[in-house]
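You will see chain A twice below: alongside chain B first, and alongside chain C after that.
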Partner chain A sequence: MFGQKGLELIKELNRTPDVLPPFNDDVIRQVLEEMNALFEQNRMDLDKEKDANYAGVHVRHASLERNRRCLLAYLYNRINKIRQMRWEFGSIIPPEIKYNMCEPEVQWFNNYNKILATYMRGIGNKHGLNLTLDRQPPKELYIEVRCLEDYGEYEMDNGDVVTLRKGNMYLLPRGPCEQLIRQGILQHITD
Partner chain B sequence: METRFKHSYCPNYFSLEDILATQERVLCKVEKSVHGLGCLDQSTENEDLVVGTTLQLPFWLAFPLSQTRVRVVSVELPKIYKEAFREVLTADASIVDLSKLGRYFYEFGSHLTKLNHRDSSAINTMLMNAFKDRLRVLIDWAQNLCTDISKVQRLDTLEKELYLEGFKARKELIAWLSEGSSKMCASEMVVNHKKRKRAVVDI
Partner chain C sequence: MHISNLKNEFYQPLIGNKILLLVHYDVDAVCACKILQYLFRSDHISYTLVPVRGVEELKYAFLSFCKEVKYVLFVNCGGTIDLIDTLEPENSIVFFVLDAHRPTDVCNVYSPDQVKLLVPRSDDEKIPHPSEIFRDESDEDDDDDDESGDEGDRQDRRRQKAEEAMRKRREKRQWEENRNHVLFSYTQYSYYGRSSAVVMYELAWRMSKDTNDLLWLAIVGATEQMLLAKVDYQRYVLETGFLQSHVQRLSHHSDNQSNEDDVGNILTGVKITFGKDLQLALYRHWTVEASLRYSRYSATKLRLWTLRGESKVQELLAEIGLPLVQSRQKFTSMNMILRKEFPESMEKLGEKYNMDRIMTATFFLQYGYRGRFCAFDFVYGVLALLESRAKDKSLSTCFMEALDSLSRSNKHVLEDGIEKCKTILVSIFKQVQSLLEMRQVISAGPFLYLVLQEGTLDVQLYSSPLCLGLLAQFALEAYVGSSRSKKAASQPLIASAPLDPEKGTCLLLGIPPVADESSNNFFGKAFEQAGERISARMNMDYFDTSIIQLKTEDRPKFLDALTSLLL
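For the complex of A and B:
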């Protein structure tokens, strides 16, 4: 049956909606091979110009389009996920995830990073504005946080350096904390 | 914030759900012999598909073949969209176990209406009414944080996503009412990523 390999890719993505599965270049190659074979066969059939071949050409053409759709959807949905990661993990993604990306995807991520950074520098009356901060309206300047992992030294905007150790609590300015909270290094404590 | 719920399947070329829904198989009857593609029908060893053979084809293949100038196959409606089942759903849709009828009941059904079958409009109306009937129960579950797994398992994929989205919204509302919006938390992807990481370390 045609289109099975392409479907495999889609199923793989659908099974894991929250994580990025390893880039499956092996199956992609197989799909492309199938498409090449289908195309060649169609070309040969059309050259013969026999009416008996009419239905077969249709079958193969539909399979070609299906395969194309599966491949494009696979790539597109992965890119979407990678874009979402830029907003959730920040500009540096963990090496385990990066390992699952293929070379063009890493390049795409770096380019997206650059475009976003350029845009964020350009807005806010030329002072720049970090769009990933203040996703909720800030209510206080300092917040209480608990550190969840040994992060080491962290330098804040005003030049102060704090050493973040696992299990300790800190009272820190809200701005620099937000990124770390989103990355799961700090935990915001409210009572 | 991007939402996880990707609606509007039908015109969405890249939608995973739509690709999976069009993979559902339909019973087709061959009207014009297909040269050299006997392999599509696993029950014969013929080299060609001969006129009159019936076989199961995925919808994405059956649909274009039924729309060609000289029709290659004619598609028969699946049992669950035929009149007998339509009557069951019209009687009381909310108690039917849709997940048993097919994981993409609405999605696949709306694709079937494109076949220009004489029942197309009846299917359309039935799908809409069934959805309306069931939606009321669904909202009720989401609003009251129903966590009964057996109930949720009876939903079709579209309904399940709606339910989970409603459930999440309700929980967020409760959190907002009790502690306001100032609390910041780790993003969802990060949390999931950490969970996985820890599992790996444990092994």
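For the complex of A and C:
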């Protein structure tokens, strides 16, 4: 049936909502071929002067639009996921994920990086503010963290060095800990 | 050096600096630590918290972290050892010691600036005068500078000098003997001072930062001392008086609020009340029958390990008017009227069944609709969490869990702890029952001893000092209750359990006799001397000197040496 291939793309995205699957070049090509074929048939039908199959034209046009919608949804959702990754991981993507993105997506990511960086630099009277640091408003300046793995010496912004060892608990300023909490070395303790 | 003004001399210098917190593994230390964490968080004082169990761990932790910090705070550890000698710190580092263990080492007391003790000096401790212990080792050498003078004069002078030298040597020897004697009598008995959590609560109060939560932590710390027989009953009563005044002060303004807000009050507020409660362990979270059977107080008074004891329990329940079915129900699902009357009826019948001290003054905590906790329950729960050592669960994880359980949002952790404690109590009772039936509590002359063999049920539970201590106490009271000899009440007990089967070590601890109300423990020194006598391979690592680790092969010789020492 027409439009099944397009649906396959959507189903693929639905299957793994958290992970970016590899760019499905194959299916997209098939969808585009199907769209081309439908378009050609339509054109031929409309060129005929008598016995034109107007109902068929309508059906084919509807499936063309359906395919287009599927393709656009696929591309848009992938781009959204890549944008989320920028906010979660930072401006450098791990190579495993980069492998799943196609070339134009990589270019889009780089451009997005540039725009975001320029914007963040210009906030606060040209002083700059890293918006990706605290996704939620922080409650306190110093946080209590528990160390889950041996890390060793860790240097903080103000020059203080802390030795992080498994099983100990620390009270540290918020900024330097965020990175380690994300990596899973520290665990934030809320009362 | 003792500090009395904690706020100015201890807390003020800490602001803006980094601290290292070394905390011991017991309930009192956990509570004190929690209060300190609250204070530090409010003042943004960066700290590093390391739990330690013995002197070795203390040294290791100190060496790893000493370069980054300027102040080190010891909670319930380090008071009884010479800190400067053991740790060899740099001159700029200051030690603050908040230790409930006594006697405090004299070097810590008389160190001019590096070691500061956070308790005011008390005369009860009978700390020796510095002149009796320290002496200027100034060399009074008698160099003969003046060569002048004739022969006769010089001979005279030489004789005089020789006499003086002999006199000085005799004096020195006498002084040293006196010094040894004074030090021995000072360190002979080990006991406990004021609870660290209460001291910290006082500090918070003086800084006007006290809340109901902190007060509850102080209450739990003080209750632990009573429950584990670290202090005698009188001291506990005095402490509850002090804490009760705070309870009244802090609950005063919540009473003033109008009653329309009552519902809101209960849900968000923490209410602490003072009252009397039964000494039945965890009875509010257990069934009445189980609690009667497995609590130390009731079990020893009713002699529940015998068959007659069982019938006594049923008699008691019948007299109160509690049907057997109800007594086997969980307390919270019991009949409302019976539940309310239960404490009072127990108190009335207490004297008849030889349980006159069944009601003790204690505090209750209530927040939310469920969960009215007694301070005893909290102590048992946190104790069980500290003891829940498993193969993949390190000691510091247990410590952190215990810390977690004390915060209000983690009630489920505490309830877990209470469940675990129930199994511990059941296991202790069964162990005592088998020990008494097989007559394994043996009298070795001046003391009693019991040895847990390796294949016994749940024996790995007793490889930690807290559980073994509970077992020892239960066993001693049970033995005294069931023995016919008159002098059983004045005999102390030594308990031993296998610690590490691979290394062949065992854990050994001693507790003072039942008749001794002051809970002074002389086993620290006794163990040291006995160990020296037979040069045993032992490890006196714990801060409480009455607990040691010993090679299992040396144990019989050790006990013999102790017997001859104490005779």
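Methods note: the second predicted complex is superposed on the first by the 134 of 191 C-alpha atoms of A that agree within 3 Å, B and C clash if a C-alpha of one lies under 4 Å from a C-alpha of the other, contacts with A are read in each partner's own complex, and residues count from 1 in each chain.
Keep this in mind: contacts are C-beta pairs under 8 Å (C-beta built on N, C-alpha and C of every residue); 3 or more make two chains touch, one makes a residue touch a chain.
This is a predicted model, so every value here is computed, not measured.
Trainee: Output check: A:P94 vs chain B and chain C. Expected answer is one of first, second, both, neither. What do you get?
Mentor: A:P94 sits against chain B, while chain C stays out of touch.
Trainee: Mind working out whether A:V27 is in touch with chain B, chain C, both or neither, as first, second, both or neither?
Mentor: In the superposition, A:V27 contacts neither chain B nor chain C.
Trainee: First (chain B), second (chain C), both or neither: which does A:L172 touch?
Mentor: second
Trainee: Is A:R146 touching the first partner chain B, the second partner chain C, both, or neither of them?
Mentor: In the superposed model, A:R146 contacts chain C only, not chain B.
Trainee: Once the structures are superposed on A, label A:A62 by its partner contacts, choosing first (chain B), second (chain C), both or neither.
Mentor: A:A62 sits against chain B, while chain C stays out of touch.
Trainee: Counting residues of chain A touched by each partner, does chain B or chain C come out ahead?
Mentor: B
Trainee: Please work out whether A:D160 is in contact with chain B alone, chain C alone, both, or neither, and reply first, second, both or neither.
Mentor: The second partner, chain C, only.
Trainee: Shared contact residues on chain A, chain B side and chain C side combined as an intersection?
Mentor: Looking at chain A, the two contact sets intersect at 140, 190.
Trainee: Looking at the complex, which residues from chain A come into contact with chain B?
Mentor: So the residues of chain A touching chain B come out as 1-3, 7, 10-11, 13-14, 17-19, 45, 52-56, 58-59, 61-63, 66, 69-70, 72-73, 76-77, 84-85, 87-89, 94, 96-97, 135-140, 143, 177-178, 181-184, 187-188, 190.
Trainee: Write out the stretch or stretches of chain B touching chain A in their complex.
Mentor: 1-2, 4, 13-17, 19-20, 23, 32-37, 39-40, 49, 58, 60-61, 64-65, 68, 70, 72, 179-194, 196-197
Trainee: Okay, in this complex, where on chain A does chain C touch?
Mentor: For this pair, the touching residues of chain A are 140-142, 144, 146, 160-163, 165-173, 189-191.
Trainee: Help me check something: in the complex, which residues belonging to chain C touch chain A?
Mentor: That would be residues 18, 37, 40-41, 44-51, 64-65, 68, 394, 396-397, 399-400, 403-404, 407-409 of chain C.
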